[in-house]
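Labels run A, B and C following the written order; every chain starts at residue 1.
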Amino acid sequence: MNQLINLALIIVILSTFFILGMKNFKPMIKAFAIQAIIIGLIPLITHSKNFSHEAFYLSLILVVSKGIIFPWVLMRTIKKSQISSEAVLLISPSKSIFLGFLALVFAFLFSSHFPIKPPFTNFTIAVAFFTVLAGLFTIMGRKSAFNQVIGYLVFENGIFLLALNLARGIPLMIELGVLFDVFAGLIIMTVAIDHINREFEHIDVHSLNQLKG
Amino acid sequence: MTTTILLLTLILPLITSLILLLFHPPQNRALQLNCLIHFFVLCSSIYFFQLVRTETQLLFFENWIRLDALSTFYFLIISISSFLIALYSQIYFSKEALPESSVLRFIMLWSFTTSMGVLVLISNNIALMWVALEATTVFSAFLICAQKSKASLEAMWKYLILCTIGVAFAFIGTLLIQVSAQNLNVPIHDILLWNTLNEYAPLLDIKFVKAGFIFLLVGYGTKAGLAPMHTWMPDVYSSAPAPFGALSSGVLINLAVYALIRFIPIAEKATAYSGWAHHLLLGMGCLTLVIATAFILFQKNIKRLLAYSSIEHIGIIALAMGLPGIGVWAGLLHSFNHALAKIFAFFCAGRLRQIYGTHDMNNFSSTMHICPLWSSGLLLALLTLIGAAPFAIFLSKFKILQALVGSQTWFALAILILASSLIFITILKYVMMMSWKKLDSHLPKEPTSFLEKIIVASFFIFLITLCLWIPSALRENIDQASQIIMGVRL
Amino acid sequence: MNTLLNIVIPLLFAPLLIGIINRVKAFFGGRVGIPTLQLYWDLFKLIRKNFIYSRTSGWIFRLGPIIGFAAIFTISLLVPSTTNEAFISFSGDIFLIVYLLGFIRFFLILAALDTGSSFEGMGSAREAFFSALAEPAFFLCLISWVILTGQYSMQGILLHTNQTIWNEYSVTVGLTCFAFFLIILLEACRIPFDDPNTHLELTMIHEVMVLDHASLDFAFILYTSALKLWLLSSLLIHLVFPFNELSLGQQVFLSIAGILGLGLIIGIVESVMARLRMNKVHQLLIGAAIVASLGLLLVLG
């Protein structure tokens, strides 16, 4: 089972690198969907020996909502608001991936201080922090507001992963509450992007600099 | 019975939102319903206030919900603020030419935010508190662009991104606090409960408590407006309607401050009362104060000025929380006074903007002649905010100065005095200019309704009274609340 | 006997691998394709031809292919490609192998530059760049395997790879094998890095470097590429299927069948994909390096 978790984490890392280096939105959304599904399956993997209903429902809800509903909402926003599918990056893809790799190493070093119980290892915490950092990097290093939304979702994915393997006492209600918050945030952000697109004719956040002082 | 009232307080605003969504009542009916609901919340907060005076703490739902002196104190602040804002919004929206659906949406999201805000204050489970606080952030975002314009959309986007990310950092902090309790034999159901954490605080792993507290400071500080995460505030306040400015200053900021100071006793006990958490807050407070002062000096927009004033006062509150003893007491009182004064300032600024059509303070001329009611209100509010005697904030600021001298933190004392003086001079200049400077404006005298007169008069009464006399019930409550923060007793 | 098999079998069977790859590509293209043994006939033909040397080229041009072949032969001495005993084995010979590969490339590049033609120069530049990017990936894979098995020689690594390592570190093994597969594709100049069938010099990487070589030189170069592919594939096969408990006959059979099977896979990869754009090639290589380093991190952490 250790190997299964390692495999899942490797897929998460690879999909995060994919998101870091991608220029188009649709592959990014698909990579995010894969990441979310794998993270959603982790509770099932960890509880595969002693099956618990909570873990099953949690996995189911995570996979359905983050893996299917969120990407569907994102795709619909692209179509409805007619956002151009090309992302403009402030940092080139190769440099982004390299910086992402540095972030992974840093997360690895940072995670060695954490007390962690099996079946998780320090690797899981490193991956979680790396996903968080990658999400932040996506938010900062891109021009389109839509990219910031995807970055925020990746960030929340990382936090979910952190919560799944650090915190034992977080009940199902809280996880659902967090998920609900993220969902509401996503909906509000997509509606906001729609309004911004209509008002400004673009969604370039670096041009939103009217308010100063 | 108590449980029923609590549940009703939580659920009634949600039901209001639902009613507004489904039935689309006319605008004035919706506003009246809003007032009614917030009046109910106010009554319920006073009821719990009285109850906690006798019973110290109330627990419900397997300890997930807990009310103690600190909770009821902040509950009182936000319920009074919400009710007054509800009264004001009746006047504001009747004079503002917004489409009816916009106003309905505003009230709907506001009711939802109120409900979530109450949940923040009553939840004992720190993760539930986080969920509710993030919900307030997310749902209050659309209140900013009640009037869609480029500026308001830009401000809303900044608010959304900055605050959701900031609050997500606070979640990492919450997780770290939970990790610090993992190696003790705490029953797994109770590990996220505040009173359990408070009890086991001396045994918690210091590394994780410290790391968690820093994340929480950054996270909840973004929502509260501590520098350097304050950048969303001026933009949001200048482009949002006045009721939202008042809501944010009176309610949302106080929720964030409450969430932050909930963790001070845990951090203090875990670090063996070394004052680590207090020093951190002191430092952040000073930084915030310095930055706010620097920006106030050249403001022209009344709402941006009020935003930086909010940042300044949050800095003062953080500074006060950094001084154990009288400082904490004064900080709590300052929260109360600042909430009242700031929402009043927003009310006046909003009405004056409706009269003059602009936010630019240079264009507010001879307000005393055109609209003496709201102009004198603005005069009073701004005088209160800068700490003039005999208005409310003077008392709390004086107590903070007392605490600073008592604990001999000279650097912070110097910063506070310097900042206060600079802000005093700047804002006083603007107040004088706005009230009495004559310009060639041919605006007619603005009629004022009875409700407006009541609102302004009640604020006059509050702000002057609070300086001279604090009701003993309130004083006892603040005593208990500051003892909770100091970690003296549960 | 075991060690001699290691030398003889690659020498005999390497051109067959190229034939198999070409056959698979033809199958996917719906053609009959060139005969499987065509490379043998090509080599015989080239040996009997006359030399042609241009007046601008010097002694390096004549020396390049010979050094290439000598180096790959040395590698075949070090790599236990068929059985589990190499002819020569010492601690640290993995570095010698990697740098011998670089040695071959270096001299081929020099020989290409020696002709003074711009096409060769262009091909040499590209080849040098991509190989420089592939080397870290190669080393990261090797380091993972060194840590997993605790051995510093190629023979040692392949001897100590066994089922236990597979069970415990399957993800690392999978990742390093995937990265290694990409490196094999690069070293053998196959799609997605380089198209061996292109006839446009501007799109070539390796083929354009060897444009000017004729007869025996070209025979050496073709044979060197085939041997390189065979030996690296044998490494991958022996990492994937640990074979230190099998008898000699089984080992020989497994090696040859496995390598030809890998040829089949390479043929399929070549048929279903197109060559990457030049500016994406280095991104894929960096991706391979990252995948290998992830495997390494898993082992370390």
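The rule is short, and it goes like this: a residue touches a chain if its C-beta (ideal position, glycine included) is under 8 Å from a C-beta of that chain, and two chains touch if they have at least 3 such contacts.
Please read these numbers as outputs of a predicted model, since none were measured by experiment.
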Chain closest to the assembly centre - both centres taken as Cα means: A
Pair of chains with maximal C-beta contact number: A-B
For chain A paired with chain C, centre-to-centre distance based on mean C-alpha positions, whole Å: 38
Mean-CA-position distance for chain B and chain A (Å): 31
Distance from chain C to chain B - Cα centre to Cα centre, in angstrom: 68
Footprint of chain A on chain C - complex, ascending: 167-171, 174-175, 282-283, 286-287, 290-291, 293-294, 297-298, 301
Interface residues, chain A side, partner chain C - complex: 3, 6-7, 10, 13-14, 17, 21, 93-94, 97-98, 101, 104-105, 108, 121-123, 126
In the complex with chain B, residue positions of chain A that touch it: 113-115, 132, 136, 139, 145, 148, 152, 155-156, 159, 162-163, 166-171, 173-174, 177-178, 180-181, 184-185, 188-189, 191-192, 195-196, 199-200, 205, 208-211, 213
Residue ranges of chain B touching chain A (in the complex, touch as defined): 125, 127-128, 130-131, 134-135, 138-139, 141-142, 145, 148-151, 153-158, 160-161, 164-165, 168, 171-172, 175, 178-179, 182-183, 188-192, 205, 207, 234-235, 238-239, 295, 298-299, 301, 304
